[in-house]
């Protein structure tokens, strides 16, 4: 199923980006974001392997990230994965758009941050907007929008989360959580609408 | 009245002995015994002056020492004075013998020390025994016995009270409380059966 | 953690097991994920009250489990938010027919973890609302959007909410009441010695004998200001001034909480209360209720917090309503029915 | 005294006034001479229970004033015996038709001042007896005749006596019971940091981070032994061994009191309780009752005491009998009638 391929692709992409994600969180936070995300995804992969799941796998990802992954970002990603799972189950055709929108809403409720606060919302909100916009190439548009949003955080000052204590020190470096989200939508586009667009890490917009 | 004369005499004797009593308590305790006893007696004298009391005055002395005088010895002297007051009121002829015996008993109950423990009991117990013994010169016998008992404490090791922490250090110096008691019975003999016997401070037995 | 008297492995777990055993008649502990439940609740209560947060603030929150106060709590590690899974399980256990109300001290981690649990609960069909406690004056004007920290007033909010919930009130009403309790409360804390560092065995930060941290929180961090220690006669009126200036307008009837931060003696806390009470008397305010003791400490920090709550109509009666918990004092209350 | 948060003048007086104000429904303060009285007592009680001693051990004793526990207390200055006049007035206020029972911790000053007050009371026609609490194992074999100090078990004795007195028992019977409660109790205490000196603002004596005072009392004095700090897993069984060896034979049903000496956190106290309880389980003993918290501290010393009391027939029920006081926990008790 496509979902599981997206997740598998994401596992691999995060493994590759681990050092860069760590570097980003070292600049603005405590440096554990790469570990949190990679460890969570590896655990998801193991569970999918163990159960031989043929579904999209986001339900497992949601549960694992909500229940087991640390850091502020872990359960926030879990919320997103859960909403995507629910939406894909409900209607695979509209699942990504609806799941992303619902995930965005949940993360906003829970994290109480706004776009512009230098968080993963700055990648997730534009991705969701593109998925909701009718027309061709929604996945590629979402991937590009997420990457652009992530890079834009380099000029933002954090108001929420750990980075808010760092103030101007993190300026110039993008937010790790936003970059993690950009990677997810890059994988989505690569699987659903190949060839893969340029990697968000490679391409500073 | 004789009682008040005894008290007056005692006030004067303690004022004179203050430095010596302080020295004794410095050797075995915290050095405040002379202050405690003198201040208490001065207060008694002031109250007797103020009320123009014509009685023996021990009721006032008992109350002042029980209510106002500090240190371990203050209220113990207060108990003795109160018992003497009660006994003199009851029967002036036997008052001193009975009051001293009752005071001794009360101090033993309260202080939970035994004669031989290097306390004021070592002067009070022999004084009480002499007062209880029939025959002539009871007051002079009591004064001598108290003085001898006080001096004997110089060879005793304290088991009760602050001096118990000093151990052998206080050996060679008599107990200040015992010396204070010896002074009282010396004043009693001087008033009731003059001329005054040798002062307990002057005469190491 | 290697405080002198904590086991090296799983100290919070050991403490919770000890707590649950000592108060077995009142509370029950579940270990995976860690949460505690009250054994009993008023039959009229339809909304479950759930709180939680980092450990190191005991008796908060587990000490306030029981009839008249909380139904379940989720304790984190020392000074660390509980996991959302703990909150989720605690909330499932506590939820009544009217849903569950979260009492959350205002820290990002706590907000997020309670928030995530709330999302999950709603998906399970359980109604959830949140009361945010943010009473700490010292964090009133921060640059960030994080707002005032939640500190001593948490006890006040938990007590008043417990009594209101026992009247069978609904979720929305309780959430609004809780917000009102928090809004009517301000706290300010000072410290003369930091909590003992688990690593060095010495105070976690240095403070001279003539210095005072002014405006500390409950996580052992330094305050924004270090001041020359004023005598109590100056310190207390200054704190009262600032608290009164910050409190939203409302009744002159006050609840006064003098809370020890860990190593402060009862002699000190009651002497402080005496002075503060005399000061408030002189200002014409009416101390209707009071609580003095160590209820929301920061491990063994030497210091205290002062909380003032304006008591609106009926709140006094909720404060005095019976509570049967391990730690809320029972003395001046009516008998438990 | 100039502790950071105590007024320089009359600190104990200020604290007592604050205490009396905070608990005005339960206690009443008289200032000349200083003593406190409970406002209420069980009508069946015919013997007044009076205790007292130096301050710095709060909530002992004033915190245990009230229905089910003490009728009056005489607090001295910090670590100093009350004056006999305070005890006299407290006892006059407390005496019932059956007289008054003094609960006295075994210190020379306390014994003498209570003893003098007893003499005076007897002359007034009031019957008096005394219960001496002397539970501290560390002072078991001293050279002097002073005997074991009175420490943590005082709470146990006061609670059990209160319940027994509420059954209308007479003075002699209560005095004998009190002696039996004390005889069936032993305590042992350790400290990792001395209380803060009022003069220097630093610990009153030095102790390295790897050291432990073994066998401390409640007046901030050093213990007889300073030992290398063993891990909890070794320390606690050693303390339990010594307590069990010292306890006179009796039932295997135990009351366990884990008491903080001032700056010890609840996390620590409950973790200690958990370990001790597991140890006692393994020895086949039965923990029938427990109390964990800061009840008899030595100002803000960092340490704890462990008290074991063998519970004879009926004592458990007295332990659980209701008490309505400022500080004795109400949680596991039946409702106040």
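Each chain carries a letter (A, B, C and D) given by its place in the written order, and its residues are counted from 1.
Quick note on the criterion: a residue touches a chain if its C-beta (ideal position, glycine included) is under 8 Å from a C-beta of that chain, and two chains touch if they have at least 3 such contacts.
Note that this is a predicted model, so its numbers are computed, not measured.
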{"item": "Intersection of the contact lists for chain A and chain D", "value": "C"}
{"item": "Interchain centroid distance [CA atoms averaged], chain A/chain C, Å", "value": "35"}
{"item": "Interchain centroid distance [CA atoms averaged], chain B/chain C, Å", "value": "60"}
{"item": "Centre-to-centre distance between chain B and chain A (centres being mean Cα positions), rounded to whole Å", "value": "92"}
{"item": "Two or more partner chains touched - positions in chain A", "value": "none"}
{"item": "Multi-chain contact sites of chain C, meaning residues that touch two or more partners", "value": "none"}
{"item": "Contact graph of the chains (line, ring, star, complete, other)", "value": "line"}
{"item": "Pairs of chains satisfying the touch condition", "value": "A-C, B-D, C-D"}
{"item": "Partner chain D, residues of chain B touching it in the complex", "value": "66-67, 72, 75-76, 78-79, 82, 86, 106, 109-112, 117, 159-162, 164-165"}
{"item": "In the complex, chain D residues that touch chain B", "value": "84-85, 108-109, 111-113, 115-116, 118-120, 123, 144-146"}
{"item": "List of chain C residues in touch with chain D within their complex", "value": "3-8, 11-12, 14-19, 21-23, 25-26, 55-56, 58-59, 63, 66, 78, 192-193, 196, 200-202, 209, 212, 229, 231-233, 262-275, 277, 290-292, 294, 297, 299-300, 302-304, 324-327, 329-332, 335-337"}
